[in-house]
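Following: one structure in structure tokens, then a few remarks.
To keep things simple, chains are lettered A, B and C as they appear, and every chain counts its residues starting from 1.
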């Protein structure tokens, strides 16, 4: 006696094609869903109208169309903006914020490409900032040429960051020690290291938890310094740091997609066995990639102190973590990272004055979740299918004792 | 300074180490269970944070500490459920999902915890027993629970059938599956259990060991727990003493500032204290290096299937 | 009703996998208390048939009877409930658990507390009873492979298995351990247990079995013959078949100077056991040396040692004038040394990179692909288009990720990459395994073309037809040693079959 039963089950198959639009869809979906969930959390935290909050965040981050129009007409007439800082101030702030994000994102991208989870861009950035500050205040004289000074600071930041990144790389390559934990622990050590110098240690000035002001030669020139030539520039703090990030992104994209070494990295990241088969040295590349990752983060640190013009005990943490999310949203593509970093810069600027405070962090977490959750759509095809089963009930059980 | 005073000081420091190590112990053992089943959960920091914040909030409104602890557990478990779904059912990368859990936990706790920053904190209950009146009763109970929890966890893992199933699923899921053990159910259960323990650890922090809520309360303790799991070689009993060791390290900068301490007091030397703050983190790296040596020698290792999603083979 | 004298019976079993029929209407049955050998080459369908019996696979058609009653197994638990248990080639043992823990894993009793001391006693007693002593407290990883096998058997006996299926049980054992195993098996049949013994080693089949069934290409070629009434030569013929399927047009080889010279090498496998034992061979320019042998006799280790993926423990390897050892820069050897790996997808390709990028894996650091520090994109593209045409790789475009290629096309990609740079030496392992007839022919033609162009080729395969039609000389590997070497024209298939099965024959 046979009985036919049918039921449905979720079938997950490996996807053979890889539609390009899905990356964009999952990123947009991630952001939308994050905003919806965030809205509920805002409600719970006491905000009456989450949509108004979002509108406020957008305005704070990018400005309004009316202000932009005023700004553009001011530029065309070579006048100061009638609305003052409102014209391009938000955009300028966002660009300032985006430049360290972009650099730490690139740090994450180069490591993640090789499946090295460098979560320590924060610590590497702190060390870069520390080294750059040391050069600016204690190594080179105030009168040093600005370009030489900034170059030396960048070099110091890169060197410090790369050394700090190479430590977990070395431990991973030689002793197979989990780089996630080591890079994280080095973050905290980096924080404390800076605290020692700034809060109690030799670099602080008097009772302030801060170093002295950097000499002008050790600071990024801001747009506002050129107010005489361009009236519109008044009060805008945007600086060349963003160009450093964009250049680094282009360079990294070139390395990854066009250079021999980048090819090796992509091979190792995708299939280490095939890399060994081709004769590629894995250990050396692990250390090298971690050093480069650290170097980019260190450069972010230099970039940040040169913009802040002093190193304080409240030097901001968390850029390294934002970099992780941006890297993932950009699907580890350095050029896409430029755009996503800009948007995240906007998110951080826009939420700065908004209560409650943790909103940026929460939104980042939700976005990351949705992006990795929808990743399933890339790798697998999910289908609901009908299953028919032949059930022969009487044969079972009878023979059990 | 008299000898008896010194003795009391030493006891205070040591007991303090047990107290401050206990939340870490809960998180570490929770993660041991999760990883033994084959799922790495890097979201401990986030789960501890929501546990700490939620636990504090519930206590704040109900005045009941037990409710607070339970709320912390539930919130940690809820976040872990999300991680389980993403990594076990959707087979996403465990590392990235764990990071997302941490971001989410940090964000939620920061937003929702805002009203509780700097609020009144639970008043310690003191015992009218001579010599013990300086030590809050709930701390004694907490340490006691931790002390029995670790051996119980060890026993469960090594001497019971569910424990055996749990270990098999983490070591060789297809073998376990071929013998009729449901890999997915098992992994879900212990990831959630791990999250509950982390949440409990967080709540224990904000209610008992370091009463009060502030943003980023756990300051990396969750990450240290992940490192301790590796050094503990996924063994709850080793997890017990390493947690206490780290409890000591965490308190040491404070304890050493005590001017009553002869010779080694850092009361007049704050810069040393800053470096002392690095100790737990440096020590974590150090024990990982030690652990890697030991692992090579003794063949101690991570559960073989750790980090890999289980995909049931096509069966006709 | 079936004849009740059979312990179990399988009728008309059909099992298909994508592209292959592993079992094509197979009938099989065993009598209680016998050792029944299931003989056949790799890929003949023996293991598939037994996986169906053990409840791991569901047959596409066919019926199974146990004790005369029809049964349907939906899982291995169903099979074991009917007294059928299987010991797989890859043991299903958790290495970090103790013997006793492995034995009771997945059982319903005891429900919560394991009472390990009690279980350990039971396991020890059971082992005693069957002459399979093993320390129940030992961790699996501490045990030798032979002991692990005993644990697997005990695990099945503990669950009440009356029919025990052993998949290639001797493949991993030393000769001494094989003897012990045979004594145990005999002992078990005396107690009424039935043994299905899957093997391709003739000597062992003759030594242990009561009856034998031979399979070839998914079909039974000799059913349930009493072992006493047959000979090794007859069985060998049934196992390997006689017809040669492919006839390759090829000129006589013109061997040149020695390109690869391997002298007395020793190497270990992944478990740290000896895999190559004092193996020596030479391959000259313009000839194909075929290596025949049953899987797991050191072929993989040989290929890996020669291509830098594994280090030899002892011995000397010369590639022309270049010694191959730990100082070798394998990256610089590049295309001079071609390697067709056993596992195409996992070792030979980078799945998410494009076809064009996969084609430069061995040449990316040399001009014309390399241009200074960068990679010449135009050259990469041209290279890909040229090779795709030359080697007839079917694909959407050269920018398609490699993981989307079919097995045959992926193999052509690997061959294109490895042979387009005029290699001096080529190590090819199972180059046609799993390919259809057309792709197989294409691969064979490429290999012969390389030979005629002067490459030295070492061809490792389990397919005797392929070896006989392609190679100029034929060696047989058995337990890490070359047990015979002869010009292919002198190789008689049954003789090779016997040598592969470990029987010494005067070549």
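Quick note on the criterion: contacts are C-beta pairs under 8 Å (C-beta built on N, C-alpha and C of every residue); 3 or more make two chains touch, one makes a residue touch a chain.
This one's a predicted model, so the numbers in the text were calculated from it and none came from an experiment.
Chemist: By mean C-alpha position, what chain is farthest away from subunit A?
Modeler: Measuring from the centre of subunit A, the most distant chain centre belongs to C.
Chemist: Would you say A-C or A-B is joined by more C-beta pairs in contact?
Modeler: Counting C-beta pairs in contact, A-B comes out ahead.
Chemist: Between subunit A and subunit C, what is the gap in Å from one C-alpha centre to the other?
Modeler: Using C-alpha averages as centres, the distance is 47 Å.
Chemist: Any idea how many Å lie between the Cα centroids of subunit A and subunit B?
Modeler: Spacing between the chain centres: roughly 28 Å.
Chemist: Using the touch definition from the top, list the residues of subunit A that touch subunit C in their complex.
Modeler: So the residues of subunit A in touch with subunit C come to 16-18, 254, 258-261, 263-264, 266-267, 270-271, 273-281, 390, 392, 395-396, 398-400.
Chemist: Using the touch definition from the top, list the residues of subunit C that touch subunit B in their complex.
Modeler: Per the stated touch rule, the residues are 15, 56-60, 75-77, 92-97, 101, 104-106, 110-114, 116, 141.
Chemist: Within the complex, which stretch of subunit B touches subunit A?
Modeler: 42, 46, 82, 86, 90-93, 95-97, 99-114, 215, 219-220, 223-224, 226-227, 230, 270-271, 273-275, 277-278, 281-282, 284-285, 288-289, 292-293
Chemist: Report the residues of subunit B in contact with subunit C in the complex, numbered from low to high.
Modeler: Touch list, subunit B to subunit C: 159-162, 164-165, 167-168, 171-172, 174-176, 178-181, 299, 304, 315-316.
Chemist: Over in the complex, which subunit C residues touch subunit A? Could you list them?
Modeler: Its residues touching subunit A are 66-67, 69-72, 78, 81-82, 307-309, 329-334, 339, 341, 346-353, 357, 360-362, 364-365, 370, 373-375, 377, 401, 403-404.
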